[in-house]
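Look for chain A in each of the two complexes below; its partner is chain B in the first and chain C in the second.
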Partner chain A sequence: MARTAAPAQKAPGRRSQRPDRAIAEVSRASTWARWARLTFLVPAVLYVLFAFLIPIVYNLILSFEQTSPATISSLFAPFAGIANYKNALVQAVTQSAIIRTFTFTFLSLLFQFVIGFGLALLFNLNFPLRRVARSLVIIPWLLPLLITGFIFKFLFQTEAGAVNQILADMHLVSHPIGFLTSPGWAYLTVLIANVWIGIPFFAVLLYSALQDVPLELKEAAMLDGANAWQRLIRVTLPVIRPVIEVVFVLGFVFTIKVFDVVIGLTQGGPANSTEILAPWAYNLTFQQFEYGQGAAINTILLLIALFAAPVYIWLNRESLRRA
Partner chain B sequence: MQTAKWPYQREGRPGGGVSRRWRFMAIGAVVAALAAAGCSSSGSSSGSGSGGKTTITELDYFTTGGSNTAVNWYNQQFEKAHPGVTVKREVVPFANLITKVLQEASAGDLPNVVMLDNPNVPQVAASGQLKPLNSEPGFTTSGYVPGAISECTYQGKQYCYPIGTNTIGIFYNKAMLAAAHLSPPTTWAQLQSDAKALTKGNTYGIAFDATADEQSTWQLEPFFWSQGGNLDDVSTPAFQNSLQLWVNMVKDGSASKSVLQWGQSPDLVQQFVNKTAAMIEDGPWIFPNLNAAGWKYNQQYGIVPIPTKTAGSTVVTPLGGETWNLGNSGSAQQQSLAWDWINGTQTSATMQHFTSLMYYLPTKPSVIAEYLKGGPQYTVFAKETETSRSRTAEYGANYPKVSQAMWTAIQSAITGTSSVSSALSQAQSTISGISKVSG
Partner chain C sequence: MTRQRKFTAALAALGALVTLVILLFPLYAVIVGSLETNNQLLGTHYNFLPPTPKFSNYSAVISSQGGHIVSTLIIGVFTALLVLAIAVPAAHALARYRFRVTAMLVGGLLIAQILPAIVIANSLFLIYHKLHLLNSYPGLILADASYGVPFSILVLRAFMLGLPNDVLQAARVDGASEWRTFVRVVLPMSRSAVITVAVFAFLNGWGDFIFALTLLSGSSFQPITLSVYSYIGEFTSNIGEALALCVIGILPAAMLLIAAQRYIAAGLTVGSVKG
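And now, the complex of A and B:
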């Protein structure tokens, strides 16, 4: 009753006469409570507004404007129609960056999943130092991406790079490989770096999913004579399927916007051979000062990333319907 | 049944859902923390303090070394000469400066004194957030090397004073050249043959910078500018044979293909000091690195101007260096103090001390003469700056786009993705679509 006391004091006369008093006061109190609840939402709403909505909307506006250094200090520039999209998309670099972004994302996810799932299965077994190994796997995830870029740059240098040194010592190559200086190799090197970074994400989430596969199911399958491979394919995978799907969708969103690794390793070079959409948008905006075109590329990137949402819902339609 | 050893032994309790939820939450927390760290950016503050104290703000990218010392030294001098005035200095890494300046310009909130790399002056001037200096008391353009004035010009007005300048030359390893009985190169033919002769074992004859950024355009500029090439048309013979020279030196093994990855500093200096490059194309900013390695001018290394195609022609190098600019925001009092600050850097004594701390060259011939007495290693660069060219002369605010087209061509030709002529005609088709903003 302490809650109803405060508003009730404003109308002391009516207090005892009205039979519906309790109901009225409860509803008044709940109005209060509702406002109080809304107040608690304010920080979250402000955060979403300033961290997500305003940048996205501003980016969208920018992508339809005729921008130049002269327009950056005013909020609005003349309307440009779809000129920025057209000018960005006719460039050969943009076209190859789009294709490369997709192949890069596909290959990254493929290897991240295969290796990550392998590690998850490994950690699900009992062996000495398992916990230590499990924590070590997370390290790539904890390193700042730019530093990862520099470490890989150091490892894959043509001269005095550790990888070339090892290959030469094993007599596998006679001349050092230009891991970062030949277009094809550079793409592969960036891919390797990105796969390495993404493995912990897959390994950790898939491992925790494996932990939740009911023991009884596997026991039953074992009694029915299923071998290890059959138990993996017929029991484990179907049970953890929802987690695999979530991991893939999130991995897709993370990979499609890869930026730091490319900047740290190759800056999109040599000869644009590692240019993918996010660093290319940065290049257009902050190196060529084509804000409009950079914003257009960002919008395209956003649309691609948003594409993941309906796919996710479609994949989960069964469990969503059940819910 | 539980006695059987399962391959999929699990450590958790039967109700694994709870532990999983915690794990997800922990992951979520980590992700959120990382996102917050990634998104955080510092706001800027400006304005004057209270109690008779005035604060002016100053922004630069001199994070370390002599240039950092120089700015701190000057700020102290300035505060001593202006009681009640505080200079609030903000330093950001090189790569962040232009991003930060553009963001602050878009908010109409530039610091009172802004340092800009000279090719960026036109862009920022175009935003209208810089104050032209022409009407400031005591402003003058006389007594400077011509390039230092043209780099500060935008639409007929002066927007900056040079901090100091620099350009590039060829550093060579004296012992290696002496051992091979070679003289330092003055022509392209000599450069090529020297580089070839000096290449042996782990040592390359020459190293230059062909990275995917402005540095590679800047390093090729002396080669085509000295032949009368002009960025208006990059498919001309001047460009063709300049780029061909670089490609040839990579092809015949005199230069490593890693030039595509080696920045001017620290990569090229490391190659030079480790004796894996007998010659490098670089500038005076590497003197502190050479000093630190115990290398002395005229003992371990020598410097010659960038060789020209034919003997005796004038070498035209790009003019490097940063500039001081006056922000348009702030109170009239702050602006006038900021102008005092900038103007004060241009007195002969200050310029000489400032540039020597930075390993840069002064921009006034009268100061240069005095300067060379204490630093003979600057002689070649000082001579070059007399004929140096401002990079923004032709394309003004659009220079970065032209430069991007050029370095793309350089990288395409060196990787062998395309031939020199097709790489350059590709670049030309990009450049012809770029408008000339009057510089």
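And now, the complex of A and C:
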């Protein structure tokens, strides 16, 4: 700090010595500086074009084209109207994948919030080693998602799987459950894995929100005779509501595009019971070589994700206002 | 009162302990599994402790996957460098100067953050096919940076908006060029935010699977996520090695959490992080 503050004291002295020249320098610099300022932005603008805008537009074009493995080497293929959307949407897998994407997202967010908020409340209490506990909780969020999928595949194996072993040791089951071989269980397993990944995000954000709840508010409520539950509902929740909104919007965005965990665990099976939109788009494009239909599914996924855009931008209005 | 408080603390500690045991059990299980032989792993019984702990899976996986581990490191490091090269100057400009397009750019970045990587990956596959960027480090690293660029610009900008304006003003009046102000004043003051962003960009590159799966096929190099993926196909034959590779795959996250915990918590709190 001291080092960077030093020029501030020097500046006035120099300017007072030769005022006219200093002014000339500043104005000459400013024309040049305007260009210099723009150059700071050039890499980012080029990158956004390359990695976001062009792929999105290209995906949209592709979804209206008559594609085949033969058209892959040419940039554009013949116009196909809405055939790709039609052909994709008549498939039962697509229909159930759309519905499943929503139920999966809803259930994931529900459990992530309940467990994450519980942990946040827990960490808000004073107990030994809570700092260590808090940082250990972050780990699931940082792991490569595919590896998480693989780890859960290992845990939920039928034979010699840890979860089946624990259930058997507790005498809850007599035969091992086919977690990854029966449709209903497979869906639940993918859900559990995804909830596991998202808990840290909810816990850390909600915890930091709880830390910012003014103590006086809670004390005032306590003096008014509110019990712990009433304080939570009437004081804490309203105060941290903005954070809850952000967490849910971002959680929605993360969950809608879940891909790696499904591939690592079930690859959409058994019997398409865990097929959601992102892995299904991949399947159409890279396994069935239906680029057009894959692009159509991607457009649908994109539209669902963009539902969150206005809300997300509104939640970030403060940062936009400072633009 | 104090007695009650002590009781609450003990109860909370116990609750935290139980939650942590459940939450971290998957990691414990992989580590234990990585020390077992295939026969022990595929028996009729799950072992909560390795019967005969051995590191042979690790030596096997390092000799068969050593090159891929190095590749993954290269991808992670260069993804972080690329994200920084793009995001730090842009964040500085968006925080410090008023452009007519600033609001539009910030809004665009917020939307870019929302876009599913699979949509980008499918398009990039076809675009790369024509540009001959498939199966190349530059192609993959360019794609992997997409996880981090919007997030990083937004986080760094938010941080830089908080820097004291008079210091920057002073540097400018002192005759320092825009570039010098940026390098000598803004960069050192933003160190902690830059570290946060770099850590996450590295983890994005290290852990990426979507772009590796779509943009590499039969290339001479691959990240370990692709290796783990290929183990899925032969799940039973090499599960011990696969688990050892999983442990290696989660090491950077664990190490960075110990070394840079402050920065990781900061990055999480500022907002969205994951692709």
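FYI, the second predicted complex is superposed on the first by the 278 of 323 C-alpha atoms of A that agree within 3 Å, B and C clash if a C-alpha of one lies under 4 Å from a C-alpha of the other, contacts with A are read in each partner's own complex, and residues count from 1 in each chain.
By our rule, contacts are C-beta pairs under 8 Å (C-beta built on N, C-alpha and C of every residue); 3 or more make two chains touch, one makes a residue touch a chain.
Being a predicted model, the structure only gives us computed values, none of them experimental.
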Subject >> chain C versus chain B on the shared chain A, clash or fit after superposition >> reply: clash
Original post:
After superposition on the shared chain, which partner residues are touched by A:N272: those of chain B (first), chain C (second), both, or neither?
Top reply: first
Original post:
Can A:E219 be said to touch chain B (first), chain C (second), both, or neither?
Top reply: first
**OP:** Give one of first, second, both or neither to describe whether A:I151 is in contact with chain B, with chain C, with both, or with none.
**Re:** second
**OP:** Pick one for A:S68: touches chain B only (first), chain C only (second), both, or neither.
**Re:** first
**OP:** May I ask you to name which of chain B and chain C touches more residues of chain A?
**Re:** C
Original post:
Which partner does A:P128 contact after superposing on A: first (chain B), second (chain C), both, neither?
Top reply: second
Original post:
Should A:L119 be classified as contacting the first partner (chain B), the second (chain C), both, or neither?
Top reply: second
**OP:** For A:H171, select first, second, both or neither according to whether it touches chain B, chain C, the two together, or no partner.
**Re:** neither
Original post:
Should A:A228 be classified as contacting the first partner (chain B), the second (chain C), both, or neither?
Top reply: first
Subject >> Colliding stretch - chain B into chain C, listed as 37-45, 73-81, 289-297 or 379-387 >> reply: 37-45
**OP:** Overlap the chain B and chain C contact sets on chain A and report the shared residues.
**Re:** 51, 72-73, 125-126, 153, 159, 204-205, 208, 267, 286
**OP:** Under the touch definition given earlier, write down the residues of chain C that touch chain A in their complex.
**Re:** 5, 8-10, 12-13, 15-17, 19-20, 23-27, 29-30, 33, 41-46, 48, 85-87, 89-90, 92-94, 96-99, 102-103, 105-127, 129-130, 142-143, 145-146, 149-150, 153-154, 157-158, 161, 166-167, 170-171, 173-179, 182, 184-185, 188-189, 203, 206-210, 213-214, 225, 228-229, 231-232, 235, 239, 242-243, 246, 249-250, 253-254, 256-257, 261, 264-265, 268-269, 271-274
Original post:
What residues of chain A sit close enough to touch chain B in their complex?
Top reply: 51, 68-70, 72-73, 93, 124-126, 153, 157-159, 178, 180-183, 204-205, 208-213, 215, 218-219, 228, 231, 236, 266-273, 283, 286-290
Original post:
Inside the complex, what are the residues of chain A that reach chain C?
Top reply: 4-5, 7-8, 10-11, 14-15, 25-26, 29, 33, 36-41, 43-45, 47-48, 50-52, 54-56, 58-59, 62, 72-73, 75, 119, 122-123, 125-130, 133, 135-148, 150-155, 159-162, 164-165, 196, 199-201, 204-205, 208, 246, 250, 253-254, 256-257, 259-260, 263-264, 267, 278, 281-282, 285-286, 291, 294-295, 298-299, 301-302, 305-306, 308-309, 312-313, 316, 319-320, 322-323
**OP:** Using the touch rule from the top, collect the residues of chain B that touch chain A in their complex.
**Re:** 1, 6-12, 14, 16-17, 19-20, 23-24, 27, 39, 98-99, 102, 105-108, 122-124, 126-129, 202, 211-213, 256-258, 260-261, 276, 397, 400-401, 404, 408, 411-412, 414-415, 417
